[in-house]
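Following this line, the structures themselves.
Both complexes shown next keep chain A, but they swap its partner, so chain B is in the first and chain C is in the second.
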Partner chain A sequence: MKFTIQVSEGPYTHQASDTAYQFTKAALEKGHEIFRVFFYHDGVNNATRLTTPPQDDRNVIKRWSELAAKYNLDMVVCVAAAQRRGIADADESRRNGKDADNLAPGFRISGLGQLIEGAIQSDRLVVFGD
Partner chain B sequence: MSIKKLLYVNRKAPYGTVYALESLEVVLIGAAFEQDVTLLFMDDGVFQLAKGQNTTAIDNKNFSPTYMALGDYEVNKIYVDQQSLDERGLSLDDLQHLVWEDEDEDYAEKDSIIIVDRAQIADLMEENDVVLSF
Partner chain C sequence: MLHIINKSPFEKNSLMSCFACAKEGSAILLIEDGVYGVIANSSIAADIKAAMAKNSIYALSADVNARGIADKVMDGITLIDYNGFVDLTCDHEKLQSWL
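Up next is the complex of A and B:
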């Protein structure tokens, strides 16, 4: 089956991102297709490479990046939600006159149309939120 | 690209959390994809459509006028849960009067809001291809 995953909450405060990751990983291991993972609302905070959790805890961001690298996942961060919350790649940072960028490897910034396209192209849209 | 039936379920109050605003942004962007779109407001989500919203005291942008524009985006099936209105002491008169213009009937102005009960909501979720929940 072909899935698009929406992640609506950030790391650590809510379980949503953990569950979305576990679902995505399990689906891929079962041979399903993940058309896209779309990060929206506070979910965009899963895409900052500046996160530094304690060493004895899971690294939510790094885990997503590694999953993306292993399975060539398309992980999209909503640009409007990212701008509100200070998530930027080098291009976005320059465009908005900022002095830094923080997008983690494996993520890309794009628009809400990517969520709608995912909903249309996939058999299921699965939303992980609070 | 094929046409799918998209149901947006809005369950949270307009302010206090960002979900209502960011849901509306998806609806407006999504309109460009020319899908079969339905909106459902239930639980505290019914407050999103309340008329006379004034956000001055909380220093948030009042985005409620945007709902009036949904008809122009051909978003004209807006369902509101009766039970959620009842629980909150609201009626249809407390909501903004949302309308759309029917091209097939000489642009006659028609009401967009349809009041439904829980059984009809179950049917809505059954008959739509995709449920986007906010």
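Up next is the complex of A and C:
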């Protein structure tokens, strides 16, 4: 079955990002297809590579990046939500006249249409948030 | 339809709102703090029992265990793991997360 996953909560907030990750991993390991993971609202905070959790804690961001690399996941960050929260890739940073970028590996910045397309193209849209 | 509840019923009213809206035969899955709803003999246990008459109720075992309430789960609630969660979303064409 084909899934799109929506993540609307940041890391280390409550539990939505963790649940979304565990669900996505379980679905992939069962042989299902993840069409896209869309990070929306505070969920865009899952995409900053500057996160530095304590060594004995899970690294939520790195975990998503590694899952994306292993399964070639399409992980999309909402551009409007990202701009508000200071999440930028090199292009976005330059375009907005900023002095740095912080998008973690495996993520890409795009628009809300990507969520709608995911909902249309997939059999299921599973929403995780707060 | 599968309803997914992630808030404690002792903090938010999403579970009660869900009970009021869910059609007979729909499934309800408790995850994250929503699993506090499984506790037997709680102040809302009667509401859960009543809902069981028309809806099957599931809870995510990892979240139940993380909260130390595995020995308090009321009869009639089915505990599932993440694989079971994925299966539930496959079995139901429509999903509603009560955020």
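Methods note: the second predicted complex is superposed on the first by the 130 of 130 C-alpha atoms of A that agree within 3 Å, B and C clash if a C-alpha of one lies under 4 Å from a C-alpha of the other, contacts with A are read in each partner's own complex, and residues count from 1 in each chain.
Here is the rule we use: contacts are C-beta pairs under 8 Å (C-beta built on N, C-alpha and C of every residue); 3 or more make two chains touch, one makes a residue touch a chain.
Just so it is clear, the structure is predicted and the values come from calculations on it, not from any experiment.
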item: Contacts of A:111 with chain B and chain C, given as first, second, both or neither; value: first
item: Partner chain in contact with A:65 - chain B first, chain C second, else both or neither; value: neither
item: Touched partner set for A:46, first chain B, second chain C, both or neither; value: neither
item: Which of chain B and chain C A:16 touches, first, second, both or neither; value: second
item: Which superposed partner A:125 touches (first chain B, second chain C, both, neither); value: both
item: Chain B versus chain C as contact partner of A:27, first or second or both or neither; value: second
item: First, second, both or neither for A:80, with chain B first and chain C second; value: first
item: Intersection of chain A interface sets (partners chain B, chain C); value: 8, 125, 127, 129
item: Complex contact set, residues of chain C against chain A; value: 6, 31-33, 60, 62-63, 81-83, 85-86, 89-90, 95, 97, 99
item: Residue ranges of chain B touching chain A (in the complex, touch as defined); value: 1-2, 4, 6, 18-19, 22, 25-26, 29-30, 32-33, 35, 130-134
item: List of chain A residues in touch with chain B within their complex; value: 6, 8, 40-41, 80-81, 84, 111-113, 115-117, 119-121, 125, 127, 129
item: Interface residues, chain A side, partner chain C - complex; value: 1, 3, 8, 14-16, 19, 22-23, 25-27, 30, 32, 124-130
